[in-house]
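Before I ask anything, here is the structure I am working with.
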Amino acid sequence: MSQPLRIGMIGYGFMGRVHTNAYKRVNDFFPELKYRPILQAVCGRDETKVKAFAEQWGYASHETDWQQLVAREDIDAVDICVPNNLHKEIAIAVAKAGKMVLCEKPLAMDVAGGEEMCQAVEDAGVANTVWYNYRRIPAVSLAKQLVDEGKLGRIYHYRSNFLQDWTIATDVPQGGAATWRLDSAAAGSGVTGDLLAHCIDTAIWLNGSIKDVSAMTETFVKERMHAETKKVESVGIDDACAFMCHFENGSLGLFESTRYARGHKALYTLEINGANASIRWDLHDLNRLEYFDHADDSNVRGWRSIHITEGEMPYMDKWWVPGLSIGYEHSFIHQVADFLANLESGQPTSPTFREALETQAVCDAVLKSGSERAWVNL
Amino acid sequence: MSQPLRIGMIGYGFMGRVHTNAYKRVNDFFPELKYRPILQAVCGRDETKVKAFAEQWGYASHETDWQQLVAREDIDAVDICVPNNLHKEIAIAVAKAGKMVLCEKPLAMDVAGGEEMCQAVEDAGVANTVWYNYRRIPAVSLAKQLVDEGKLGRIYHYRSNFLQDWTIATDVPQGGAATWRLDSAAAGSGVTGDLLAHCIDTAIWLNGSIKDVSAMTETFVKERMHAETKKVESVGIDDACAFMCHFENGSLGLFESTRYARGHKALYTLEINGANASIRWDLHDLNRLEYFDHADDSNVRGWRSIHITEGEMPYMDKWWVPGLSIGYEHSFIHQVADFLANLESGQPTSPTFREALETQAVCDAVLKSGSERAWVNL
Amino acid sequence: MSQPLRIGMIGYGFMGRVHTNAYKRVNDFFPELKYRPILQAVCGRDETKVKAFAEQWGYASHETDWQQLVAREDIDAVDICVPNNLHKEIAIAVAKAGKMVLCEKPLAMDVAGGEEMCQAVEDAGVANTVWYNYRRIPAVSLAKQLVDEGKLGRIYHYRSNFLQDWTIATDVPQGGAATWRLDSAAAGSGVTGDLLAHCIDTAIWLNGSIKDVSAMTETFVKERMHAETKKVESVGIDDACAFMCHFENGSLGLFESTRYARGHKALYTLEINGANASIRWDLHDLNRLEYFDHADDSNVRGWRSIHITEGEMPYMDKWWVPGLSIGYEHSFIHQVADFLANLESGQPTSPTFREALETQAVCDAVLKSGSERAWVNL
Amino acid sequence: MSQPLRIGMIGYGFMGRVHTNAYKRVNDFFPELKYRPILQAVCGRDETKVKAFAEQWGYASHETDWQQLVAREDIDAVDICVPNNLHKEIAIAVAKAGKMVLCEKPLAMDVAGGEEMCQAVEDAGVANTVWYNYRRIPAVSLAKQLVDEGKLGRIYHYRSNFLQDWTIATDVPQGGAATWRLDSAAAGSGVTGDLLAHCIDTAIWLNGSIKDVSAMTETFVKERMHAETKKVESVGIDDACAFMCHFENGSLGLFESTRYARGHKALYTLEINGANASIRWDLHDLNRLEYFDHADDSNVRGWRSIHITEGEMPYMDKWWVPGLSIGYEHSFIHQVADFLANLESGQPTSPTFREALETQAVCDAVLKSGSERAWVNL
């Protein structure tokens, strides 16, 4: 018999929808799981809106005070889907309440805050994970397998971008529910925490730790109206950020993120060049992995475009048949599935808070380097 | 308040999973719908298996005799997901029972059978639709919009393929639950009814009726073991089929389907060439539509690769944000959503049985032409 | 020391330029060749124009009467670059004069004419070749190697298109120097002889002989002004042609050509599906060959995009370094190089007139089938 | 009547072949040019080899001492195709001899040397140009047109890579005729001068001057055998180099080059993101330009893949017909054509030595920044 895992969700914006969908679908496609998420409660400050969300998605109840939700005895795990500046306080409270915690990325506003969060979950001994969902796009998971099998040989280069274009218009406001990502008070940083954090998490996972960074940050639009105060205020976030780095394994890294790359919506790309083989992937064509194997016969050697829909490929035995693709949302379902399976086996679910703290440290170093125009060691 | 629509599903194979998923998800993403599908019962001959399916997916009950299911008063709509040779008898019974019917494609074993089915649903006045799901891939729906807006001008060419490679191995059996598509008794035809039927449905929808056809069919592997009898039997289906045709609008059509195209898993492609613009699409990269507009300035004219993730594009306001893609399964959710919305407004849901009969007629003509090696008029 | 091969060129249109360029460049890049083409004379009816062409390109002399050119003792080989209706008479005269002959494709207006030409060159024992240049695009030559090595296994499918869009405008005239390809008197046929002939030549070379065909032809624009008479005349050529066929090896073929495919300029494509591997190529990206090898490990199996610039690949040791591509014109240089090398070794240069006659026979059968709406055996 | 321009070529390696080919072909395809290059003399130290080269390519004479060649009265223009460390001395001598000079890139070993070269040609008033050939790939020239027309609007980002993989094997030697690019004494730098110099030249041309840079350089293989001495020596060049920069126009730049990117042979890429439109290009598919125009209707907006073969596109009226592509070598022919046309009209040919000096300055700054691990202003 399946065992319920009662979820309390804090926040019901874009990520709230994505996570909720994942909880609702996971057991249909991973029937072997012992645990079954139950949508027990969702929390938001605006009662009308949170109630409507609860009704649409089938939450059994709603709350308007997150501390109430955390205190409820009928909640096993809390999912934190609120702006970054609220992660720390909530996560620590959840841990202290002895509940599992699943936290949106980036982990914290900075390393110091993240360290407190790690301490809290480790002291409490509660299961914890951070939603760096892109690890579980099947193509990216396959990349990890290939790296782990040593197919690439010595790594020379890692490069990764995350390009968007949605803030080119100067009349996009900052702050508020829809655009809190442009407000430094809520988001901490701009593209670094929002987008580069994904690139960095995957990079560390695939290629190991980063030793030092040299970054360049830019704020193209200096002032934007605040969505709530309606006042024009100085923009505190980074609109664009690029950095170079050295990995511990001796390879070179190059990363870039921006919201001013016209024509790109969510173009998360990564490429790894090894002595024996190379790998490329991008989020716009997420069902494909490109792979170049130098061991192929020289007259038929080329980049392979692998359509990630075969049952042998990570997670794909759960879905349809070869040729039929899945989408963005499935990466979250996979993370929930792994979280539930790990609960059963007593394993942590990567990335844990502690693992995500390493990404936070790189983000902090990047911002410091951008500000100081100097290399920063980690 | 939402109103339940109690579904009785007959069959629980690959299509049973896909449809069930669609019923479960539609209201989460289309909250404005009045109707809410309820998984009332699923039917299959093997009680152990159908019970397990019901439990996994959350059906309230199960049946082992489809006539029992059709007779139940607590079922509003019956979904037919069984091999083609069973469509007619079940659909007619459902119609006579006054229930709505959603039938897997192809509609029937032949036009005569399909005509009986059309008569039955029309006499009964019940809502009916056939699962030609690819119309509701957003890129394909957008193609329809562009055609209807007249963007392409006079149409000269329509070409469409559906290429697979899964039956190259001679030890794939025929018949039985997993491979009934290779058994002519169950499937009626091979790639023509299974794959070309999709191409034809979309073609008629986008480009109008077909006047005549000249086809070539082939059975590469002449004998296969039957999965149930374990006897080697002659193969009665077409392994590959190509045909040329004239459309009523004066354009030329070229279609091909096979299960022997090494490297292609479910490569459904279509291309339309008009005097002013052309369109291309394929299922392996289903989130992209390629579009060439001759009206573009001549020095920057090229095929546009449109990433179908913007809110302005068909169905995409229901999902995520620009750049984040959806998959195969969503086309079924869209068809359910349209079916439910049409119930509310009293509209038929395309393709109805009557509309799908036209595709059946083309399939019949194709098979006849292939057999007779001659042009066949429609 | 190099030995001169004195070329007499008849015609100086588009193909005249391409061939002339090939003669001028071949020894620079194939220094091992014994023979060195000399631009001895070019012939055209309009003296002013042919003289200007001779001066621009460096021909030592010009003629206005092709019979004069054929009669000259200082000519070793004659290149026929005039409209199709003139091939036969000239080629036979050249052969009778004991000179080598290089003839533009298609060989003739029909099989009967082509047979006379074959007899003439064979009786005279003169070297002869037909300019089916696409065989010598390095990617296509590599495809031939892979087929010959048996990499593909049993062949199931061959498909090939040649798509253009330049005659969509109804004010394109027929006849005259620039548009003789629209004039059936000069061209014999439309896309069949002009474009499909290329597809058929390559297909026979790669996949063997064709047994039977069923074709569909269309003339979309029924009347066009004649460029010389300025009268509106009925159009006698095929604007579009598609055909299905069986190859001797049991595989199925599907071919299409048109000048009404908006967005395609010279999109010659080919694909071969074998039991073990598949190959794709197109002329718009002529430096790439796509290759799918089923023997690859299943989790990294995909279409390889082979950039044909490595020294191991056909002809590519003659050009630049890996990554640096060549273009359309080089296929002609390769054919001249092979012709010259074969002269030295006493081998025929494929396709000879006799080999090109087989393509002619398929073209004739295609046109007959299109006209009669019936299968035609070869 | 055409007027001869007598070329003296110094060096006959890879670039010597490419330039020679350009001189030989230019008048065939640009018949309107007044000047006609004459292959008067080629110079190299090894008489056997240089004589063979002269014979193969048709040079009228050869020299083994470059000073002899420079002194000859029958030479109008000298082309410098020798390793970088020889550029300065030769170029200054050529200028002092009052001859035109065409110099391979990079201009010099450093800015100081380059400045001397500029002074020399400017003092002498001789025509001069540097072979940054990629500006004249038609797709890149079209990019320039689009930028100049203001199609992109305010520029936010410029990114460019040049990726190769040919030095991964540790047994590739340094020094000598074939591998002087790995020898810092001959080459000055590694990928910075060899590859990034191209990226920088194009970037300045398209996007204006660079203000400051922060670079990271790496030498992966620390020791290599010298091809001539056969001794294992320390490697002095940069194997890989990445840098960030600010352009004067406020946009951010990101550049990377390496010879350790497995799977890439000569993957020169560039992308520009403007407020209104974006452009992408890469050398492996040099006949395509990708263009995204935000002004397109939102439901059909996408990256256009422009096949650069239309007569309206830069230089393409000189070549074949739409759909038929050209290659790498043509960029050099275009540069010669422009040089000759500019001679006639009295215009300088971009990039002049002076213009190339700006690229040199960026290269110097990049190397300094990489060495000092700090931002360097220009």
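Order of writing sets the labels: A, B, C and D. Residues in every chain begin at 1.
Please note the rule applied: contacts are C-beta pairs under 8 Å (C-beta built on N, C-alpha and C of every residue); 3 or more make two chains touch, one makes a residue touch a chain.
Per UniProt, the chains are A, B, C, D = 1,5-anhydro-D-fructose reductase.
Predicted model, so just to flag it, every value in this text is computed and none were measured.
J.: With contacts defined as at the top, give the pair, A-B or A-C, that has more of them.
T.: Result of the comparison of A-B and A-C: A-B.
J.: Hey, which chain ends up farthest from chain A, C-alpha centres compared?
T.: It is C whose centre lies farthest from that of chain A.
J.: Could you state the distance in Å from the CA-based centre of chain A to that of chain D?
T.: Whole-Å distance between the two chain centres: 42.
J.: Return the distance between the CA-based centres of chain A and chain B, expressed in whole Å.
T.: 36
J.: If you average the CA atoms of chain A and of chain C, how many Å lie between those two points?
T.: 55
J.: Going by the touch rule set out above, which residues of chain C reach two or more other chains?
T.: 264, 288, 303, 307, 310
J.: State the interface residues of chain C toward chain D in the complex, per the touch definition above.
T.: 14, 18, 20-21, 24-25, 27-28, 31, 56-58, 164, 166, 264-267, 283-288, 307, 309-310, 319-330
J.: Contact residues on chain C for chain A in the complex?
T.: Per the stated touch rule, the residues are 142, 145-146, 288-291, 293, 296, 298-307, 310, 312-313.
J.: Within their complex, state which residues of chain A touch chain D.
T.: Chain A residues touching chain D: 156-157, 159, 163, 165, 168, 214-216, 218, 220, 240, 242-244, 246, 250, 252, 254, 256, 258, 260-264, 273-278, 292, 294, 303, 373-375.
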